[in-house]
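One chain, subunit A, appears in both complexes that follow, with subunit B as partner in the first and subunit C in the second.
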Partner chain A sequence: MSIASLLFVFFQGLALLALAPLVTGMIRRVKALLQNRRGAPVCQPYWTFATLMRKEMTIPEHSSWVYRFVPFAVLGTTLALALVTPSIGFGAWGPSISNIFLFVAIAALGSVFLVFGGMDTGSTFGNMGSNREMTLAALAEPAFFLVLATLAFFAGSASLDGILAFFARTPWHAGTLVVAPTLLALLLVTLAENARYPVDNPATHLELTMVHEAMILEYSGPYLAMLEYASALRLALFGALFMNLLLPFGLATPAAGALALLVGLVLLAVKLALFALLVGLIESLVVKMRFYRMQEYFTLTFFIAFAGAVIVLAHIL
Partner chain B sequence: MPREAFAKQVQTLVKDDAPLALLYATDERTAKRGFVVRAALQAADGFLTLESELPENDPSYPSVTRLVMAAHWFERLIRDQFGIEPVGHPDLRRLVHHENIPADTHPLRKDFTWNTKLPVANEPYPMHAVEGKGIYEIPVGPIHAGIIEPGHFRFNVRGERILSLEGKLFFKHKGVEKLVEGKTPKDAFPFVERISGDMVVGHTLAFAEAVERATGTAVSARTKALRVLWNELERLTAHIFDMGNIAGNGTGFSFMAAQGFRLVEELRRMHESLVGHRFLRGAVVLGGAHDIGDEASDTIRTVLARIERELQTILDIAFTNDGLMERFETTGVLSEAAARAYGARGLAARASNIAADARLDLPYAGYAEHAPELVTEKAGDVAARFRVRARESAESIRLIRAVLDTLPEGDTLAVLGSGKGSAYGWNESWRGMVLDWLALDANGRIDRLVITDPSFTNWPLFGELGPGNIVPDFPLCNKSLNLSYSGTDL
Partner chain C sequence: MLTGLVIVSFALPLAGALSSFVSASSDESIRITYGAYALGGLSALAAAIGSFVGPFAGALAPIQAFFFGIIGIGTFLASLYAIAYIPLYRESYASAWHASAFALFLIGMEAVVLSPSVLAFLIAWELMSISGYFLVISERTPDAFRAGVEYLVMTQLGFAAIASGMLLLAGGAPFATWQEVAASAAQLSGVARGVAFVLLLAGFGSKAGLVPLHQWLPKAHSQAPSHASALLSGVMLKVALFGFILSVSLFPGIPLALSALVIALGLLSAFFGALHAAVEDDLKRLLAWSSIENLGLIFSGVGAVVMLGALPQSPLVSAMAAGMVTFVILHTLNHALMKLSLFLSAGTIVAKTHTRDLDALGGLAAAWPVFSGVVLALSLAAAALPPFGTFFGEWAYLQALVLGLSAPLPASIAAALVLGIIGLVGGLAAFAFVKLFSTVFLGRARSEHAAHAVAGERPSLLLVVPPALGALALLGTGLFVLPLLSAQAPLSAHALFASTVLASGAAMNAWLVLVLLGGALLLAFLAARAFASERGARVTGTWDCGTPLTPRMEQTATGFAAPVRFFFRAIVLAEKEVTAEPVVATNPWIAKRRILWSVDSFWERYAYRPIAALVLRTARAMRRMQNGVVQAYLLFMFIALIIVLVIAAV
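On to the complex of A and B.
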């Protein structure tokens, strides 16, 4: 790996890290505006994180080292994902690092640690949330794998970098009906993997209905900030991946120089803003589904992914 | 009536279509009548009272609950308040006394002074539990994440499915019934006004009617019409709030909450401009009601026209949203049989196909002239309760306009008569019927005031409509009834 590639990867990771709270803030703002409310400034999540970092932590008496380890594991895995996700551009990693299976595995690792964190305190709500999260994860995983595998087949590369490189070289593929079902499935998986509507409600105060929020209910102060930041980052990187596949324009490469990098950064910000608009719109129009309807949501997602896979295979063969 | 025949007689009358509305007790030992239990049954032309004197040294009687289920919480309440034993009651646990109240504390006995300092006790307060493989318990509250009152709920679940659900309420004891004893109705009025923050007219109107009936006071036609106006404004405001809360916060369709609460805020500001209080304190007074002039009348018409139009738009969006309706339908079903057995009141009963509305059944205030259309739904689920609210809101708007159009001239404050004795007072508040029983002593002071908020009769319904649902749907069921913790716990 060259120095240029290394710098490129760091720049890319830092960009996502910096933009992530903005995405969350923008989604909230869009939702507020669509409800005729003014809403908080889009920068509010930054101030919230800063406030949480300065707050005292309350550690549950009956928790073990797992509880204290979880924020690091969750934020760590998400950071790893942010570094391998081609957000500003591609070409920095060898094919083995941004491998799709590795990507899904790291994402799952973060989820599993979150589940441990929810269970470790022994609180009812934490266990309830963990229980639900595992059910949802098991339902979401097949569709997620299928979507990435389809894209890999289409692009002829099993790495995210390779897939993006393919789309950037042949951008006319992005808007076609061939990949449309796959991208739709990816959007549905993105909503589920990030605890958004119609699977989970990130804004609720009702403990009995929570999934993701229930697991982090016992966290406070800097630990909570880490977990919230991880959530924001995870949403931003999924958003970047989705938008780059949908609009594969302006992607930089390590060799392209500073100007291309800057263009890539600006375009990333624009793409993430569009993504925030999309998610905000979905969350304003859609009602959260009943929990026992989740298998229907995921069955639908899987079949869309499956249809996408069939179309892509037919197209290639 | 001899105590042996009391329960049987209640059952006979209930079977004869006079549902049990209230069961209460009095301490009449100074009059050498021992303790007296009374049952109020709702007949076609008023409340029929059955009473039975119980000896001072053995205050017990065969339980009514064995025969009429609607008596079950009333008998537990009376046992806590007076130490009267309903023999054969199937569930004789404490109700309003928590663990910290010592045994044999009966605050509504006349020899218990209101400021008695009680030692902290640790009496058992068992709650239902289900045992078996894979079953676990979820305790929720009494402190909640939202800005709501305290109440503890115990779920026994298997997976996400609720097997049993029981509430532990009564964290909000204010001693209203005790504190008003010995006070004049006028001095007691502020206590009644503050029983439940969102049901000011609901309670004050029932109390005022009871006082006026007991003292033989006649109020003017204008007062009667104005009371309809204030009661319906309170109903409209509460129904819009609930529709926003059920659809918005219950399901996560935040649009409904934002819009509903905006309309509610407009109404509350109007209330403040009209009577000087956002929650309508002062709208109903003893012998009268807050008067309005032409200007106020125009304000109401203007605000109402806007609210009606916008509410219609919002409801159209709600009713055509399949995802939202899907969350409502089949959630929290209360069967008609259960609603009847538990003695459910108000919109909870009407959404389960029970035609009960005190405004029509026993017209009071100006409801003889301004009769609302009866609103019932058959399904008994959250959707039915939502629809009842939507239709009743439209009906309230119609009634308010009718009152403004035909408001009779006259004064709006009558001088209270000097009558003594006892009387019932009732009001179909937005939650359901408030039923008060007032007894005045020889000096015109309150000897006993029994107050029942519809929340008290409707809380046990959760034991029926909760089980079978999944845990994440419980907040929706809860919001669809929206009962008052404070109104339950006097």
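On to the complex of A and C.
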């Protein structure tokens, strides 16, 4: 890995790290405005994290070393994903690290540790969030695999970098329209993987919704900040991936100069703002589904992904 | 030299078994007997490695050496564990008979892999199967005997299928060597070859737990003592896989329909295994179901290799076949390591808590940090997550399927569907192992037994070391075995760190993945160090909404699996019934509630029981002929004679 690639990767990772809380803040703001509320400033998540980091922590009495390890594992896997995701541009990583199935697996690793965190509290809240999260993760897997495999086939490369390179070469080429169902399935998977509507309600931890927020209910102070930050980062990086596939404009490469990098950064911010708008709109228009109807959501997602695969494979469009 | 090692690997178990007849129950003699077995395992492993590299390379065929090595690893880990484990159950396991059955089982498996001819294979297979029966019934409880009978019936039916399939191929010559069998198979008609293939698939498939011949497996593997279950699940299933691969290699060519059958049965087994593992609440049965899942995946890979071999060769076909071969080799090794280690860990858990019921466990991580770390690593490996070798095996499978997307039309859509199935199977397997780890180790102890174990002493070192070695080896399969599989002939140190590159341009390097994950974890630690407050942590009560929390409020494994049971209720045949008996006539809310729930085997309900009922009905109908009148019997014999004569005349 050359020095330029290394710098590029760190710049890209830092950009996502810096923008992640903003995405969460913007989604909340969009939802508030659509509900005729003023809402908190978009920068509020930054202050929340800063406050949490300064607080003392409480640890539930019946937990073990796993409970204390979970925030590091969850944040660590999300950081790994943030370094791997092509957000400002592509081309820094070799095909191994940028492999599509490695991306899915690292995301799954993060989910698994989050589930352990919820199970190690000895409280029903965490337990209930945990088994639901694990169920959702299992049901989302088939569609996620299929979406990425379809994109890989379409782009002729099994790495995220390669896929984006293909899309950037031919942005809005008429041929790329055939992946529209696949991208729709990717959006549905993104909502599920990030505990958003209609799968989970990110704003509450009531029994009725209880997935992500229930798992982290016992966490406080810096640990809570790490978990919340990991979840904001995860949303931002899934959003960056989705938006870069949808609008593959202005993507930089490690060989490009500082100007291209800057353009990429600005465009990333714009794309993430659009993503926040999209998610905010979806969350205002769609109601949360009952958990015990989730198989309908995932069956639908899988069939959209499968239809997308068939369209691409059979050259229907 | 190599022959010497092989002889030692047979002789040491025999010597160990004989020594156990002198005095079986003292710690000293257990150490000598099982120590001898472990050394025998090591020498088998050394022989296997020696026939890959070094001056004696090629002494064994690569496939024989590979499976011989797996038997060696299994023997070593399970016997090492048994040294500390058997003294915990001195009354039931510390007998010369148990030690002999164990030794004969090991020898049988080794002999199956090395057997040069049909008859040798069949005798070795029976030795393995019958001594396996005595391992299953070691506990001598009614449950163990029931599981043992089921095992014995299935294994004998399977043996009959294997024997007839092999003899059919060999043209009835029991002493035929494999070359002679292959030559004779080439002379057979297509129909006869097809029948032989189905017989062999049924025979080896029933041993490997392929659906629908899998019912005996979760019962038998969970009843055997844990050091034996580890070998039954981790190694004997691989011997069945070896038998299947060996017999496939005897056929001159296999029609696509038959290889498609293998793929379909493999995927079906993977799905049923993963689903039942996800809803199972018995620790060892969960592991056994997961074995069905993994063997199903491996069989589907073998079926794919066979199918691709029969297709007209092209760069795409050979690249897919290469990916599938990588998967089969890596996953066979990974599954052996992971199932051995997990069953050995299960043995420790059961020995300390006296229960296999996941609903009654919990809270062990706080008491046993090292052991829980080992099982955590094994659970992640079983869920096929990086940085463990299992992930890299499944990665090869998935990449081969992605390649399959560029095949001509119906095949490409089939590949897309299989991708979806593998995704679901992987998700359910992860669910099962997350459930296993969390309900055994996390939260609070859910029963007196578990609480007692938490308060008691930690498992001794010798109980923890074998599974820990397995967990380390699972890291190693990704780091070392994956690059070696694609390395070119003169090995260099550089080849060990090289990426595995497939024809499609996709690549994987376990070292880079390890560095990425490790580096990111380090970053997270450093960031927390730099930014978190100095005020530290305070241990407080868990948030309880004002009602004191008890362990009974925690979710059990049954509760954890409730969503999966609900979503797949038509397949796991889940039923739930809540009955409420009012205590106070005027108030319906004050009631005694009782919940009854069950899951049932799809195959038992729709295949096994109807067949059993049919057999019983037929038998009852036939009984009318058994009227005790001698004249009637003479009449039957006369009629039978006439029928035989008519058939002979035609």
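Convention: the second predicted complex is superposed on the first by the 307 of 317 C-alpha atoms of A that agree within 3 Å, B and C clash if a C-alpha of one lies under 4 Å from a C-alpha of the other, contacts with A are read in each partner's own complex, and residues count from 1 in each chain.
Everything that follows uses one rule, which is that a residue touches a chain if its C-beta (ideal position, glycine included) is under 8 Å from a C-beta of that chain, and two chains touch if they have at least 3 such contacts.
The structure presented is a predicted model; accordingly, all values stated were derived computationally and were not measured.
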With the two structures laid over each other on chain A, which partner does A:Thr121 touch: subunit B (first), subunit C (second), both, or neither? second
One more residue to check, A:Ala255. First (subunit B), second (subunit C), both or neither? neither
Just checking: does A:Val270 make contact with subunit B only, subunit C only, both, or neither of them? Give me first, second, both or neither. neither
Could you say whether A:Tyr292 touches subunit B, subunit C, both of them, or neither, answering first, second, both or neither? both
Pick one for A:Thr204: touches subunit B only (first), subunit C only (second), both, or neither. first
Regarding the shared-chain residue A:Leu34, is it in contact with subunit B (first), subunit C (second), both, or neither? first
Given the touch rule stated above, what does A:Glu56 touch, subunit B (first), subunit C (second), both, or neither? second
Identify which of subunit B and subunit C touches the larger number of residues of subunit A. C
Could you list which residues of subunit A make contact with subunit B in one structure and with subunit C in the other? 124, 128, 132, 291-292
Which positions of subunit A touch subunit C when the two form their complex? 53-66, 71-73, 75-77, 79-80, 83-84, 94-97, 99, 101-102, 105-106, 108-109, 112, 115-116, 119-125, 127-128, 130-132, 134-135, 137-146, 149-150, 152-153, 157-159, 162, 217-218, 221-222, 225-226, 291-292, 294-295, 302, 305-306, 309-310, 313-314
Mind listing the subunit C positions that touch subunit A in their complex? 278, 363, 365-366, 369, 372, 376, 380, 383-386, 391, 394-395, 398-399, 401-402, 405-406, 409, 412-413, 416-417, 419-424, 426-428, 430-431, 434-435, 437-439, 441-444, 499, 501, 504-509, 512-513, 516-517, 519-525, 527-528, 531-533, 535-544, 549, 551, 553-555, 559-564, 566-567
Residues of subunit B that touch subunit A when the two form their complex: 136-140, 145-146, 160, 249, 251-255, 257-259, 262, 321, 323-324, 326-327, 470-475
In their shared complex, at which residues does subunit A touch subunit B? 31, 34-37, 124, 128, 132, 197-198, 201, 203-209, 284, 286-293
